[in-house]
Amino acid sequence: MYIHTSQIRVRYGETDRMGYLYYGFYAWYYEVGRVEAIRQLGISYRELEDQGVLLPVVEWHIQYFKPAYYDDLITVKTILKDWPIRSAIRFHTELYNEQGELLNKGITTLVFVDAQTRKKTVIPQILREKLEPYFIPAT
Amino acid sequence: MYIHTSQIRVRYGETDRMGYLYYGFYAWYYEVGRVEAIRQLGISYRELEDQGVLLPVVEWHIQYFKPAYYDDLITVKTILKDWPIRSAIRFHTELYNEQGELLNKGITTLVFVDAQTRKKTVIPQILREKLEPYFIPAT
Amino acid sequence: MYIHTSQIRVRYGETDRMGYLYYGFYAWYYEVGRVEAIRQLGISYRELEDQGVLLPVVEWHIQYFKPAYYDDLITVKTILKDWPIRSAIRFHTELYNEQGELLNKGITTLVFVDAQTRKKTVIPQILREKLEPYFIPAT
Amino acid sequence: MYIHTSQIRVRYGETDRMGYLYYGFYAWYYEVGRVEAIRQLGISYRELEDQGVLLPVVEWHIQYFKPAYYDDLITVKTILKDWPIRSAIRFHTELYNEQGELLNKGITTLVFVDAQTRKKTVIPQILREKLEPYFIPAT
C-alpha cells in the first residue's frame, strides 16, 4: 500500500451559489492528489507523459458526505491499495477539512495509454520500479 | 420513466493537453442535462431554489468509454428511471458524440435540502406534480 | 464590420458564493462568442487548427458592469471592427442579460500562430476570404 | 506599496488542447494571489466577507506574453501600488515561470460592496489598518 497526503485551499471561483465547492471541481483536487502522490515517488506525471504514456480516467466514483467551503484548507489523502492490474491503476481518495471531518471519498481508475497510438499499454518501467517496494508481498 | 435530451458543444477551455474534454468538466454537462430535464417539465431548477430547496449532489459514478474532443456537439441523455425515494433523486446520464457513440454514462444522486436549515427535506410539491404522470403505475 | 450573436445559459458550476457568474468564467463565454462568430462565416475554428494555425489570446481587457446570475440566458455579441493587422485579430465582445442590460464588455486580442513552430503567422487564406466581404472599403 | 508572492502549480485540468494553461484560468491564479496577499496582512478575505463586505471584480486587463504549461510551478507576484481610492482597490499582478520569465501581467480592479445592499461601500476598517503602514507618506 502506498499513501500520500496533499493540501489544497478552496478557491473562490471553485465555489457555487450554495457556497459549496462545486461537485465537479473535486476532479481537480483528486488529480492533484494523484499527481503529488506520484511526485513523492521521485518521478513526475509530466515525465511519464513526456516519455509517451498518457493516463486518462476511465471510471470515477465519488460519495459526498459534507461540503467544502471557500478558503477551507483541504487534506487530500491518496491511496494505492492494489498493484496495478494490466493497464489499469486505481486510486482511493479521501478529502478532509481542517476539523478532520471526511468530506468525500472516491475511487478513480485510470489506464496507461500509448500517447501515439492511444491504445492501452503496460505500466511504465520507471513507475513500476518506484512502486514495487510498497507492494512487496509478505513472506 | 422520464427522458430528456440536450445538446452541448465542447468549449476550448474544457479540453486538456491530451486534447480530451477534461474528466471533471463532465460535471457541468451532467448538470446541464438535469437542469434542462427539469425545465422541460415546466419548472426551472432556479425556481426550486428560490422556493427554498437546494439539490446538492451526494454521489456520482461515471464510466468513461471514449473521449469527447474540442468542438464536438455532445448529446446528453438524462433519464429518471425511478421515483425519488424519500429525499433522494437519482439521474441516469448518457453522453453521445455526433457519430452516436456512447462516450460515458453515469448515475448522479442528489438530495432535496432545505435552503435555511440545510437539512434533508422531501421533494417539492411542484416537482412532484410535474413528475408523477411519468411514473403512474400500469394497472 | 462583422457581428455575430450567440446565447449561453449560465451553469450552476460557473457561479460563485456571491451568486455571481465568476469573473474568470467569462473567458469561456467570450471564447464561445468568437468561435460561433467564425462558424457563421462557414468555417470552424477547429478546422483552422487542423490546418495548422493556432489562435492563442495575447491580451484581454474586460469591464464588468453588472453580474450574471445562475440560469440567466446571456446574449454574447461578438464584433470584428477592424481588419486583422499582421498576425493579430481583435474581437470586441458585449454581454447582455435577458433584460437587455449590458453586463460587461471587453476586447480580446489573439494572434495567428503556426502550430508546428509556435511562431506568429499570417491570417489563414480561408479565413481571409470569408472575412474580406465585411471589410470592403466603400468607394 | 505592498507586495506578496505566492506559488501555484498548473493542474492538468487547467490546460487546453494547445498544451497551454487556458487564458481564463488565470483568473483563479490572480485571485489566489490577491487572497494570499491579504492573508499575509493578518486577516483573511473570508473574514471580510463574513463581516459583510464583498469584493467583486469590476475590471481586468491582462497581457499574455508566454504560455504556462502543465505542472509548471508559477510564481504569482501581487502588488498594491496605490492606496484604495473610494470604493475601489487595484491589484497589479505578474506571473513568472520557474525560469523567471514573465508569463503575463495584469491589473485587476475590485470594489468594496455591502453584502446586504450590494451597494458600494468604503474599505473595511480592519483592512485599512493593516494596509496603512505600507502607504505612509515619507515626510
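Order of writing sets the labels: A, B, C and D. Residues in every chain begin at 1.
By our rule, a residue touches a chain if its C-beta (ideal position, glycine included) is under 8 Å from a C-beta of that chain, and two chains touch if they have at least 3 such contacts.
None of the values given here were measured: they were computed from a predicted structure.
Chains that count as touching both chain A and chain B, per the definition above, are C, D. Using mean Cα coordinates as chain centres, the one most removed from chain D is B. Centres computed as Cα averages put chain B at a distance of 29 Å from chain C. One simple way to say how far apart two chains are is to compare their mean CA positions; for chain A and chain C this gives 34 Å. Inter-chain spacing, taken between the CA centroids of chain C and chain D, is 25 Å. Among the residues of chain D, those in touch with two or more other chains are 12-13, 18, 22-25, 27-28, 31, 70.
For chain B in complex with chain C, the residues that touch the partner chain are 9, 11-14, 27-28, 31-32, 35, 44-46, 49, 70-71. Those residues of chain C that touch chain A in the complex are listed here as 12-13, 15-19, 22-25, 70. By the touch criterion stated above, chain D contacts chain C in their complex at residues 18, 20, 22-28, 31, 54, 56-65, 67.
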